[in-house]
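There are two complexes below, and they share chain A, which is joined by chain B in the first and by chain C in the second.
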Partner chain A sequence: MMKKSRRSFLKVAAVSAIGIGAAPAISLSSSSTNSHGSSHAAKSPNKGAKTAKRWGMVIDTSKLTEEVVEHIVEACHKAHNVPDFNHEVDEGKYPKTRPVNHKQEVKWIWEEHFHNAFPDKEDEFLADKFKHLPFLVTCNHCINAPCVKACPTQATFKREDGIVLMDFHRCIGCRFCMAACPFGARSFNFRDPRPFIAETNPDFPTRSKGVVEKCNLCAERLAKGEQPYCVEVSKGAIVVGDLEDPESEPRKLLDKNYAIRRKQALGTEPSVYYIM
Partner chain B sequence: MLEIAIKGSKKYWIWLAILAVIMTAGVIAYIDQFLNGLMTTGMSRDVSWGFYIANFTYLVGVAAGGVMVVIPFYLHDYEKFHRITILGEFLAVAALVMCLLLIIVDLGQPIRALNVMLYPSLKSILFYDMLVLQGYLFLNIIIGWKVLEAERNQVKPPAWTYPLIYLSIPFAIGIHTVTAYLYCGLPGRGFWLTAILAPRFLASAFAAGPAVLILLCYVVKKFTKFDPGWEAMQTLSKIVCYALIANVFFFFCEIFVVYYSNIPGHISHIDYLFFGLHGHNAMVPWMWTSLSLMFIGITLLIVPWLRNNKFLLPFTCIMIIAGTWIDKSLGMIAGGFVPSPLHHVTEYAPTLKEGMITLGIYALGLIILTVLYKLATTVKEEVRG
Partner chain C sequence: MSKSAIFTGLVIFIIIALFPFWINFGKTAPVPEPELVGKAKTAKKCVLDKMDMRANHMSLLDEWRDSVVRDANRIYTNTDGKEFAMSLSTGENSCLGCHEDKSKFCDKCHNYASVDPYCWECHTEPKEIK
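Up next, the complex of A and B:
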């Protein structure tokens, strides 16, 4: 009995994950537990939802300043209930919380130096302005995503519109995807993240210990016709749109500017571009 | 046949009790990990696999190494191995149980482990690894049990066991090949991204497995009336010798390609292991120790009078086991994850709790091994007496 209903659940989840541009898989999965997920599981795109053949991101590095980068990281992490290990734990609510190991932190989008973001493009004569530029790195939503291939339970999957998503409730925490990702985009919840969330956003699920997570390109916002959080606060430094549409904003930028992608030689085909 | 296991000497029970205590300590440490998450380990965002997966990799090799007695005996009718074939098969059983447990304790959500079967992902190597490991475990349990039972009743093993025995040979090669494929198919990890990884795994397994078996032969000879036979042990030591030479040769093939091609993404990992990187050099003494142990092991096994020294051989085997363990457990994990894909150097060391859990699993493996070996040796004594 149990098995059958699970299987039919899987079918629904798979069909909706493959077929539709919204975020049904997330909402479906989050509705199965008590975490604060958006439980209005849609099986067809919302009216006004942003759709694309292949979502992609263009980052204009000339517009990245320390301040902008900080805002972007904060907006993303706050909205997605990403724990901050520097947050002082509320001892009343979470007594006896053990000290943190900062090497076990969780992050979706963060700042790196050029030679870390592009280790294969390290150059001793690189212009100073690039050496000190705060580069932003995040999940590349690769066309040939190694994490999707590695996942033994299809908890990480690729939507037809290019977004690589995760089902936090199916993930068994084997961390094969973390070994597979060439961009270090994935984080594992080595512990319950909730004591380290200053203010929980009720519109997005919190995670339990023992699962992997990463940037979801704000699939939950695109489904509502809104721009990703990072785009919203980036002061024009980040643009997200349909890479297959020649009229889209990202494509117009790519037409006019020279842009690079991380570790192109590996053939994963990242969907995040950096205008130099 | 199982009744044999509950009739033992005082020493037998004391030994099992000691192991049970160690195992209990592991269980207690695991309860803490289960409740609080893998934060209890030394793993991190950058080094996302650690001691569990390292020991898993090594033990898959020990399990596969059992085939080095099965092939000579069943394919080449090498009679000298008749007495120790069962020891090889039962060693594989114990090693595989440890492997599966090490995977379970490594999971962030162990209660969801069955998702691997509920939502099979045919592109994931982990799915196939699970299949071959379980297949090889069942094959060895069935074969070992049936052959021993037949020996006890002094009849030939049932005819249907032979196809299973032949099938277990490709399975043995398979478990370690697929385990290597877990690593070497990942595009972003220069250290693992090498076609020689599976052959190297096999070579090291065929050295480590039989080396463990030789040690166990000494133990069996000392504590039971059953004599595995010195000639069988000598043949095993030759197998260890050539497998170890192959392992070191494959390693030097790797070193040549990496350093002659001079590709930074591949060099940095081996630099980290053997020379240290950006001032981080926790692995350096380990790796040189490993390489030295393997070289000493080869020397002690290749020179006939050293190899045939009954007193020296167990020490040689211990050195080889330690050398290959460092190489394949610690080195494989640390080398693969350091530096990270973003070229940060985050070092890894297991925590005490991680060590206790791993030790607990080894204790359980030894309990299984002790009981199975008790069965095997008692039956063999009965038959001879």
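Up next, the complex of A and C:
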């Protein structure tokens, strides 16, 4: 048997160590045509996507009628696969569906009375017309959105263009955001919403049980260069645009009209304005 | 005396320890062949190379999701300069727009490998809606 001196063993060990250490560098330089090629792949927005510095919404309350409001809510909820718990479940497709608890509802945009939408502006002598107007309320996409601060997983976040958006994949259903939102703009899926969606829109995902949802200002439509659904069917009652751009449609409206925002005293700085 | 007891014990132990092997002997499930139908069949190449897709599609999808939701970047241009919509199931240029049948493609391997990704709890396959 051959005897190895400590010296010769250490020599071999050192050379092998250098070889092992150099291996990744060698394979990296030799495989510049590597299939992954993420160095050359690129991600970009759609051509013609609508962009803004800060998206905002102006609602002209004088143009809101019961009919228009109904259309808006329906268009939004239908397009975003928002479940309606009054919808009769198809027993063949979803057998053994639990009975509905009507305290649970999911909504992105909905009708509210003045005294609920603007509790701090309620007044004994408030003009009668406001008491009966159907106010439309939704997520305010606040500048200082409390829901964003409350979210422990960053599932809710503020996009650079001002939209307060949700990554449903990341939502763990803790509902801190629902407690944090002073506008009740968020809904929780206590159950699988699918049986309660009359007609599923294939262009938008549904949600799953245990996830919070809310208005996304139609981010998926702005990305295609289209107006949000609510704007489209509002007959001019809702305008969405860039609040930072003085030439934008909402800014022009705000220049000419007196507009209020909900619960301004809280300092969340909503981006939804109501022309009175 | 104890010799025979030890051996019987050993034999029993080996039989029990190898239980998963002999119970499944000869029952190997065939390796799945995900089927390329429709556009995927003629396209020849996916977003990345075949083997890369096979190994890394989940991280690619993860990357795409963050890009779409957080940065509003919805178009992916691959190394060949081809553009894809970073979407699982919406539109012609999405994953399902090309791999037209999820049950013949995604499900084949996922079922075999017994992985249950929750994509389809929310995302819809246009075919399954109808």
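Methods note: the second predicted complex is superposed on the first by the 233 of 276 C-alpha atoms of A that agree within 3 Å, B and C clash if a C-alpha of one lies under 4 Å from a C-alpha of the other, contacts with A are read in each partner's own complex, and residues count from 1 in each chain.
Here is the rule we go by: a residue touches a chain if its C-beta (ideal position, glycine included) is under 8 Å from a C-beta of that chain, and two chains touch if they have at least 3 such contacts.
Note that the structure is a prediction, hence the values are computed from the model and not measured.
K.L.:
Which partner chains sit in contact with A:K149 here, chain B, chain C, both or neither? Use first/second/both/neither.
P.N.:
In the superposition, A:K149 contacts chain B only.
K.L.:
According to the stated criteria, A:R159 is in contact with first (chain B), second (chain C), both, or neither; which is it?
P.N.:
It touches chain C, and chain B stays clear.
K.L.:
Given the touch rule stated above, what does A:E112 touch, chain B (first), chain C (second), both, or neither?
P.N.:
In the superposed model, A:E112 contacts chain B only, not chain C.
K.L.:
After the superposition on A, what does A:T200 contact: first (chain B), second (chain C), both or neither?
P.N.:
second
K.L.:
Name the contact category of A:N46: first (chain B only), second (chain C only), both, or neither.
P.N.:
After superposing on A, A:N46 lies in contact with chain C but is clear of chain B.
K.L.:
Chain A residues in contact: does chain B have more, or chain C?
P.N.:
Per-residue touch count on chain A favours B.
K.L.:
By the touch definition at the top of the document, which applies to A:T138: first (chain B), second (chain C), both, or neither?
P.N.:
In the superposed model, A:T138 contacts neither chain B nor chain C.
K.L.:
Pick one for A:S234: touches chain B only (first), chain C only (second), both, or neither.
P.N.:
A:S234 contacts neither chain B nor chain C.
K.L.:
Counting only touches as set out at the top, which of chain B and chain C does A:A219 meet: first, second, both, neither?
P.N.:
second
K.L.:
From the superposed pair, tell me which chain A residues show up as contacts to chain B and also as contacts to chain C.
P.N.:
208
K.L.:
Looking at the complex, which residues from chain B come into contact with chain A?
P.N.:
Per the touch definition, chain B meets chain A at residues 36-39, 41, 43-46, 48-49, 103, 106-110, 112-113, 115-116, 118-119, 121, 123-127, 130, 182-183, 186-189, 264-265, 336-337, 340-344, 346.
K.L.:
In the complex formed with chain C, which residues of chain A make contact?
P.N.:
So the residues of chain A in touch with chain C come to 35-37, 40-47, 49, 157, 159, 161, 165, 167-169, 200, 202-208, 219, 223.
K.L.:
Could you please specify the touching residues of chain A with respect to chain B in the complex?
P.N.:
Within the complex, chain A touches chain B at residues 3, 6-7, 10, 98, 101, 103-107, 112, 115-117, 119-120, 122, 137, 146, 148-155, 170-176, 178-184, 187-192, 208-212, 263, 266-268.
K.L.:
Residues of chain C touching chain A in their complex?
P.N.:
Result: residues 48-49, 51-52, 56, 65-67, 69-79, 86, 89-91, 118, 121-124, 126, 129 of chain C touch chain A.
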